[in-house]
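Some structures to go through are shown next.
Here subunit A shows up in two complexes: once beside subunit B, once beside subunit C.
Our next item is the complex of A and B:
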């Protein structure tokens, strides 16, 4: 005969009285530290210190040491000149332009590029983006992420931000997919599965796709516009919270509580860290490399066939009028469908040619973040969401791009910088 | 923890708290305008202006943590505050040292830095958190004692 609910609880009581020993437990130093990291008054400064350490390590490891220290020299001083000297064809040859160097106009003359950002070739810009910048950024990100994860800090961060995220219909756990997405949006979207309701999953995936740049993109942005990183993240964070608040109000459904296990702090083991680093970085490269190279080919072909100029002419008035960015931004926006890191790389080329002002670069970077998820993330969203939700996500994307992009332009005009 | 050790801890971390707080204020001022370089102490933030305000907030918080830990220092929750403050200083100082290591390895004209250039990267002046790092290590004694 099945037991009633009361009878079940009585039985649980009896079993626990016979099996569990109760007594006063002295708090250890580890317990006291664990408490400090979840209380807002002490936990927030600690979180600031942890995030500071995270990004500081990221910038110096990926930017100063590998990309600026070795990769820029390797690609610009050795790889590019070597390819320019041995690859058949030369400037004006379409295949050479596609694979090595499209060149650029200086004083009415087509001249060869002197750095991989400007070259726009599959073997130059494409390879530089993947192996010169992104690989090190992703490696640094996942190393720090694995350490925080294994040390037991991430669940505490989730508890800490729980109150804030409840205001937008999510709970603390949302920090895990958000943080993961800062490495790559694909595992970030996958990590939304523990969220209980369709509403929470839809909201989380939409916010990740729009407002959370991946590690690859961050790496390139850090390399191109380091002085703007604070403003870029602030703009995206405001969008994340503001748009989350609106979505919470208009999307039907519930946002129930989620009980999370908060493990004790522990020392990460080297074996686990290395294993996680290998799995995540290799998966990332398997996803990223084909898309970056494909993106380089498509953008190159569009330049060669004149399709890019046509699109720039068609979309130019909209881009200039509404968003305040030049028509040349069409190329990175198209590349952004495939890989956002490649798109920001193309933006870097335009920047080096002096086509854009600082504020236009800032607006373009934000637009690239919010206008569409990369193809790999979109494919995963197609799998994770139903047709109605996908349409909802796309409608949100379109609305957000126009509202937020226009708003940034308006702020720029009011400040006199646009 | 013995009474003498507790007394020493209270005085030591109160002083360290005041110094951390003062460095935090100095870095906050430096992030708003021009900082200062005094002998081997550099609070100009010239090397990393983007991170300077955050560093200042962390040092301020660490100073407050130290100061709030001194009352009843031997109690585990109070001691935990001083430990947390030290960990925050270790993070900031660790990253300052890591930044020097990262910039000291590649050379300007060659792939790797020469010995002279490498050593020059570690020359003074040093940022405030690197001085605090040295003095914050005293907490290790109290951690070992507690465990």
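Our next item is the complex of A and C:
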């Protein structure tokens, strides 16, 4: 016969009285650090310092050191010219255009590209996006993330932001899926499982899919428009909190307290960090490489067959009229269904051609973030949510894109920059 | 025979799993790293045995998706030995889940993990006495550095179902000698 809850606790009490002895606790250095990082007065500056450090490392290691210092040169000065010289065909040859360099019109003449953003080829832009930019961003992100994870900082951050997140019906724990999503939305969505109610999970997944850019995307945005990153994150954060607030009001269900353990700080072990870095980076490559290459092929074919021009003509008025971005943006939007990093890469190509204003670039980058989760994330949401919730997520997405996208355009008009 | 690793969130089940199977499951220092079960194989006295890393659960009355998975795993694997991983520094609440598992008639081994943390906090546990009361093997471990694993593995075969009445008896019978 099973015991009642009380009887079980009584038994535990008896057992522990006989076997456990609590000695006097010493106040250790660990305790002191633990207190510093959760008390708001010291915890908030520490959190800012940690995030700033995280970001600086991300930019310096991935952006400056690897991508700019090494990969851009490798790809633009060696890989692209080499391919242009040895690959059969040449400008105007469709296969060459698809694989290496689509070229672009300058003064009425089709000229060869001189960088891998512009070239639009599978072997050039596609490879550059994955191995030149995104791989290093992902590596840098996961290195820092693993250290924070293993040290035990994330639950403390959760305690700190708990009050703010409660205002939008989420628990401080939401910081874990959110932070994870900044690396990749797929594990982020999986990490919503400890949330207790379907409402919280639905809200979390929807917010993640719409407002949290992944590491691959951040990496390439940082390479392309470093000066805009502050505004981009601010815009997304406002959307995340604002839309979370609205969702909390309209989605039925409860948002109960979720009581989470704050584990003791631990010294991260090199073994575990290296292993996690390896697991996550290899998972990234397995998912990213095929999708980026497939995406480049699809976009390339759509350009070659004229489908892209047709779509641009059809959707142009909507894009220009409502969002204030040029009809060419349709190409990155198509690629974005598969991979956001590739999409931003294609946007970079358009930027290099000088057909977009700064504000249009900004709007497009935000649109690319929020208009649809990438295919891998969407597939996972199909698995995690029931039919009604999927429809809810999609409806939220559509509403959000039009409202927020239009709003950004409106702000641009009012500021006189759109 | 199968072996299930069960315990509260963030007591180190995944570290056990990786150590015992050589597999690659993500380990982190926050609750809820494993939300789905993972299977792997380990060698037990020359035999290949399936080891399952069950998501963290506080009790067997599920409150979230991860706990649902845990309860389902337990129900689906009636023939398994359960390694109950406890946080030695919070032993009482860990025992709650362990007792629930024992009550359901599963043979169990108790691993008092995070032994180092308990030592830091100056918590002393009388392992032999605990073992006598529970009637199942109890092994102190520090999973991160691998201490206690050999002993734990050697005790898995000793696990046998225990009647809860017997535990009550041995706990109550010694009450007079309590608090040393």
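What we mean here is this: the second predicted complex is superposed on the first by the 393 of 418 C-alpha atoms of A that agree within 3 Å, B and C clash if a C-alpha of one lies under 4 Å from a C-alpha of the other, contacts with A are read in each partner's own complex, and residues count from 1 in each chain.
Criterion: a contact is a pair of C-beta atoms (placed from the backbone, for glycine too) under 8 Å apart; a residue touches a chain by one contact, two chains touch by 3 or more.
None of the values given here were measured: they were computed from a predicted structure.
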More subunit A residues in contact - subunit B or subunit C: C
Touched partner set for A:28, first subunit B, second subunit C, both or neither: both
Touching partner for A:151 - first (subunit B), second (subunit C), both, neither: second
First, second, both or neither for A:266, with subunit B first and subunit C second: second
First (subunit B), second (subunit C), both or neither touched by A:64: first
Contacts of A:383 with subunit B and subunit C, given as first, second, both or neither: neither
First, second, both or neither for A:16, with subunit B first and subunit C second: second
Partner chain(s) touched by A:42 [first = subunit B, second = subunit C, both, neither]: first
Subunit B versus subunit C as contact partner of A:50, first or second or both or neither: first
Partner chain in contact with A:92 - subunit B first, subunit C second, else both or neither: neither
Overlap of subunit C and subunit B interfaces on subunit A (superposed complexes): 28
Of subunit C, residues touching subunit A in the complex: 8-10, 24, 26-32, 35-36, 63-66, 89, 91-92, 95-96, 99-100, 103-104, 117, 120-127, 129-130, 133-134, 144, 164, 167-168, 171-172, 174-175, 177-180
Subunit B residues touching subunit A - in the complex, by the definition given at the top: 48, 50-51, 54-55, 57-58, 61-62, 65, 76-77, 79-81, 83-84, 87-88, 91-92, 94-95, 98-99, 102-103, 105-106, 111, 143, 146-147
Subunit A to subunit C touching residues, read off their complex: 2-3, 8-9, 11-26, 28, 30, 146, 149-152, 154-155, 173, 176, 190-191, 193-196, 201, 260-261, 263-266, 269, 272, 275-276, 278-280
Subunit A to subunit B touching residues, read off their complex: 27-29, 31-33, 35-37, 42, 45-46, 48-50, 52-53, 55-57, 60-61, 64-65, 68-70, 73, 226-227, 229-230
